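Order of writing sets the labels: A, B, C and D. Residues in every chain begin at 1.
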Amino acid sequence: MAVSRVRLGMIGGGAGAFIGKVHRQAAALAGGIDLVAGAFSRDPASNAETGRDCGLSAQRVYASWQALLDGEGRLDPAERINLLAIVTPNHLHAPISGAALRAGIHVFCEKPAALSSAEITELAHLLAQGKALYGLAHTYQGYPMVWQARHMVQAGAIGRLRKLHVEYPQGWLSDDLAGQGNRQAAWRGDPQLAGQGGCIGDIGTHAFSLAEFVSGQRIERICAHLATHVPGRALDDDCAMLFTTEQGASGVLLASQVCAGEENALKIRLYGDKGGLEWRQEEPNSLIHRALDQPMRVLRAGANHGWLCDEALRRIRLPAGHPEGYLEAMANLYADFALAIGGSRRAAAALPGIETGVRGMAFIEAALASHTSEAKWTPLGAYP
Amino acid sequence: MAVSRVRLGMIGGGAGAFIGKVHRQAAALAGGIDLVAGAFSRDPASNAETGRDCGLSAQRVYASWQALLDGEGRLDPAERINLLAIVTPNHLHAPISGAALRAGIHVFCEKPAALSSAEITELAHLLAQGKALYGLAHTYQGYPMVWQARHMVQAGAIGRLRKLHVEYPQGWLSDDLAGQGNRQAAWRGDPQLAGQGGCIGDIGTHAFSLAEFVSGQRIERICAHLATHVPGRALDDDCAMLFTTEQGASGVLLASQVCAGEENALKIRLYGDKGGLEWRQEEPNSLIHRALDQPMRVLRAGANHGWLCDEALRRIRLPAGHPEGYLEAMANLYADFALAIGGSRRAAAALPGIETGVRGMAFIEAALASHTSEAKWTPLGAYP
Amino acid sequence: MAVSRVRLGMIGGGAGAFIGKVHRQAAALAGGIDLVAGAFSRDPASNAETGRDCGLSAQRVYASWQALLDGEGRLDPAERINLLAIVTPNHLHAPISGAALRAGIHVFCEKPAALSSAEITELAHLLAQGKALYGLAHTYQGYPMVWQARHMVQAGAIGRLRKLHVEYPQGWLSDDLAGQGNRQAAWRGDPQLAGQGGCIGDIGTHAFSLAEFVSGQRIERICAHLATHVPGRALDDDCAMLFTTEQGASGVLLASQVCAGEENALKIRLYGDKGGLEWRQEEPNSLIHRALDQPMRVLRAGANHGWLCDEALRRIRLPAGHPEGYLEAMANLYADFALAIGGSRRAAAALPGIETGVRGMAFIEAALASHTSEAKWTPLGAYP
Amino acid sequence: MAVSRVRLGMIGGGAGAFIGKVHRQAAALAGGIDLVAGAFSRDPASNAETGRDCGLSAQRVYASWQALLDGEGRLDPAERINLLAIVTPNHLHAPISGAALRAGIHVFCEKPAALSSAEITELAHLLAQGKALYGLAHTYQGYPMVWQARHMVQAGAIGRLRKLHVEYPQGWLSDDLAGQGNRQAAWRGDPQLAGQGGCIGDIGTHAFSLAEFVSGQRIERICAHLATHVPGRALDDDCAMLFTTEQGASGVLLASQVCAGEENALKIRLYGDKGGLEWRQEEPNSLIHRALDQPMRVLRAGANHGWLCDEALRRIRLPAGHPEGYLEAMANLYADFALAIGGSRRAAAALPGIETGVRGMAFIEAALASHTSEAKWTPLGAYP
């Protein structure tokens, strides 16, 4: 079957941005995707330079996201972009997503999907019309061993789930980087651009989504404590919470950006009545399985092993021992998006979508509510 | 200075017990301590056999702890025991400790110090009379790198403490061992013998004490969730809590005995505004230091390094790379007790004592109260 | 400065091949490189399919490498390929390289550069004419922490080098895969296609080049023992050797493809009179530094640290804790090749080139000679 | 069965010595062994002090090893020592061993057993008379997971052995410690006291014995390169060799005391046609098993697992996750010696004995011969 190549546009991701370049590299690595249009920066020089670096024709480097949607809309359907990557600060995620979806353009959006329940409800309604696909860039869901872990939970390898611990310690905001001029830190600390959640929104949602994804369970209620450790910072830089799931498991979620010296140490552990699983993002090619009745096993990513599930295998490019990492995980999301555009239902189902965004929003709001509540437990709110 | 050898007696620790043999091996390893009397088991045959194995004369193997105190009391002071190790189930800790202290015999007691605030208050009053020394077997405080971590916190290596995470996952109670006849599991699950805390008392207190010891801070309030995952079990087998300290740091404490496949994975992490520290009991000879302004460092136990503090160095027996472990840590407590009996104030101060027991009791009671409370925070009670 | 995009052609790399796809992904990840022509397979269907998958126009998917050079030669110079990736079995490396270089096309060739000294001498003569650039795909030289290690050796961080240990255990040829139809294993085991070296040529040369690259020293003489452990295999599947360098250091080199269960465990350790360094390919983002006068340090890849050298930093795409791997390392070679084509002398100098191929050839020949020699030491031969 | 307690004497091990104190602590930890006599140092004050520290009566602290044997010989047989630990510099090992054995006293001797073939032949003849037992302190043979590895090799877990790699890098002699007054370093560097082998004798023999013990194969021939890296040092401080076994496996042995920054990193790896095993002394409670047909497994020491062999289990004191280390390993040798004295044939067979000493001597002599030979291979000589 000949699959048409995907024509990608991008909003955001000019010089100095982190995640935009990640998206471009991941799309290139995925294969079958050509970046053909962009509005990378409001600064004209930066915008033009990024366009040139990416090999774009000058006509398709637009001054604003609105100009991009307008301009592409005037092109021949076979030429115009059919996928839009949104890598702006958070406040623009929902407006741009909505406009693109209305124009029938598939959207791959950085998280969070939106800043409020109202915004996300609107997106969900739009998507229900089925005009275009929507994916949310929960990169960690692109790792093969995350799928292997999920598979093993579903297959009963650890029995009935009892405990679920997920943690995401970072240390890069231990100092007042925003005050020192770091742009990444600056917009993340500005409620107008980032939303009401600081750390809880930036990385807490990653931990939360990973927990729900791997366990296959929904978190029902939480008891959260947030903190802002660095003077002058407007949003939380640290959070911790107890939680229970609808199925009766319990656990702890930690996320912090002031764990000095930690890099990006996302880790999940699950314990059932027959065994446990452990996965660490910083060593993503290993998955530890501790069954009660056998020695500890370390499952390693690699193409030829009989014990890896299909969903893990199709996310692995290299033989065991050739490490794959973060860009490959993100590339797996892009590859699935390309397949989904080509008609693959499996790939479409594998993408984190609006429901992940809805859950994330519920999580942030519950965490903020719990933090200021004197009651122990706060339920995760119901959304459309 | 010639130091007299210590004459040790032991209550508990007959065949099938775990911790009693650990104490005997640790005392032997410490040096300068002779086990000379014991009441190891209420089963006469077992009692006699343990006595023979330990090389005791038959006259000094007693039928009960009361008989031991009586019998030893009739011996010449230069011959009778001057240190008593109490390694019975929990409910006997306070009664035996009290009787021994009244008899002027130093006491080294397994934790918990007592089952109730009333009991422990009485012990504290006794100790205030200064007739004898008292130590609590918080083994993990015997590890050299735990002292090094504490030293580095005090010396400012990580700056002002912000976050404190301590976890103690075990998996050995994932099944109903008590129902299968395991004696260790049985008495730990019986409120009459173990007290009201299951996991929270058995290992939660270790995590708690380690956190307060290394950080030098006192936990002020907690928000705890306990659980009993194995049907038929009377006490909790799992707990998690949020906490804040009197100095304003916050953190999480996890302890569980149903983390299937975990062995004895006590771990502590501290993060300040200048760096972080991490120590894992299962790899006790390493201490990870992540300063904000230098590469991650791994400090290793070993006798010759300029960067280890005195308190760490004096707890190390071997050159780097010759692993020391749990028995050596316990032996360090015995060694300090021998030195304390010989008059060393430094060693006496280094021993976990009744105040550690008081804190542990406050912790257990607060955890149980918090668990059933609908309020978020429960303060740690005040004790004598 | 506007850098022109590189127009890449590829010989080899059809369906079922491993390294061809790696090159395509790495080139895409590097950025600035467009694959525009290929002769991927002698099987017409496979050739065409790979071309389609890569988005090539059918006219530029050629039936043979000769046809590719002919066809591209007839295109406008601004359109024809200016870089050729050679990812065929070994016996074609030198013939294709020679033809391309004569046509003025830059060559990026999989290792080994050639099958014999005669072939490589001819390549070296061609290159001396300066018509085109040449790079050899020693992927491991693309890792940032390999450059950091080399930098630290040069900067004196470990003092004068005494010991140099390099090992490369794999296990994937523990069974007779060639007999089971594995094509990767089959051609590697055929002297006509692979050359006289089996394991020694396939991965021994990687270990050797890494040792010379990181240490900055040349291996002067070796004492080698080769073995073929799997019945029916024509070439060695295992080798080990002692060696000394021209500067007086000594060491051991291990390479094996029958170390059952090992994945791709390339590791190098260097010890000088002031400290040691250790790097493992399977955890490529860490570099261990053990100085005699300070605690062990673990240097981690990541963009913002003051202690990483420029050559390491420019090979890092992501913040610390976002793992990069093998594809990123290969992409770094492509990125340098693109820069070199654009005129960067620094990038050109950073590429492993023909001299690396010459050394590798000398290494293989010396290893084979040493293996059958009864003398202890065999010198590495001199080449042009 | 009532086992009589062992009455231990010790030669060597005064203040400042390393291994003497290790023996005393290990004997205490083993249980059932009472240190009752010693000649710890030729310095009278040091000798007396060590005796007091050990709780010995002054009459049984002797001025020399001859005085000890004389004095003990005059005591009642039920009181005199029945086991003698020899922890002197190497040159006294054989003379003292011989004298003790002739007196009917069991001997537990530090390695090497002797300085020459002549000496060791004489010891072997003495032992053939069966008057007393003899054990050689190859500590690493006391680790439970070393026995587990040996068991798994014998049970076929890795199939037919192909490769055997053993390495023992230390860094403590990177500087001229002897010149700086370090006594441990001084006698090890003096051929009169240490014998002709420096590093090769001190730690090379440990690596060699471990390789033969775990593999169950005998090394047949070696090709060795020794070096002395620190100026002024009389003996080798570094060695490396290729070898083959009588059964056709091949491998590499490294031992060095100038691997700057390394601690005591003894490691062994075995690869057969069905899988591989790896054990590291610095993390002795884990054994890695890589079978070709299943995920990597990590076997952990701990008392309750069904997959550990009897010989491993009986060397484990604690539940999994309570680390045991070097002293426990040495204590396991003492415990076996006590059992052997009590009549256990199994324990007697488990002790490293004179045949281990004979092999070690053959190894040192072959290594020295190979180093100066221009032939590639040197056979291990035959001994009585």
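Criterion: contacts are C-beta pairs under 8 Å (C-beta built on N, C-alpha and C of every residue); 3 or more make two chains touch, one makes a residue touch a chain.
All values reported here derive from a predicted model rather than from experimental measurement.
Relative to subunit B, the chain whose mean Cα position lies farthest away is C. Counting C-beta pairs in contact across C-D and across B-D gives the higher total for C-D.
Between the Cα centres of subunit B and subunit C there is a gap of 55 Å.
Averaged Cα coordinates give subunit B a centre that lies 34 Å from the centre of subunit D. Here the CA centre of subunit C is 43 Å from the CA centre of subunit D. For subunit C, residues that reach two or more other chains under the stated contact definition are 262, 289, 296, 300. Residue ranges on subunit B touching subunit C, taken from their complex, read 289, 293-300, 305-307.
Residues of subunit B that touch subunit D in their complex: 2, 5, 18, 21-22, 24-25, 28-29, 31-32, 34, 52-55, 170, 172, 262-265, 281-284, 300, 302, 317-328. Here subunit C touches subunit D in the complex through residues 158-159, 162-163, 165, 169, 171, 174-175, 223, 225, 227, 229, 238, 240-242, 244, 250-252, 254, 256, 258-262, 269, 271-276, 289-292, 296, 373-377, going by the rule given at the top.
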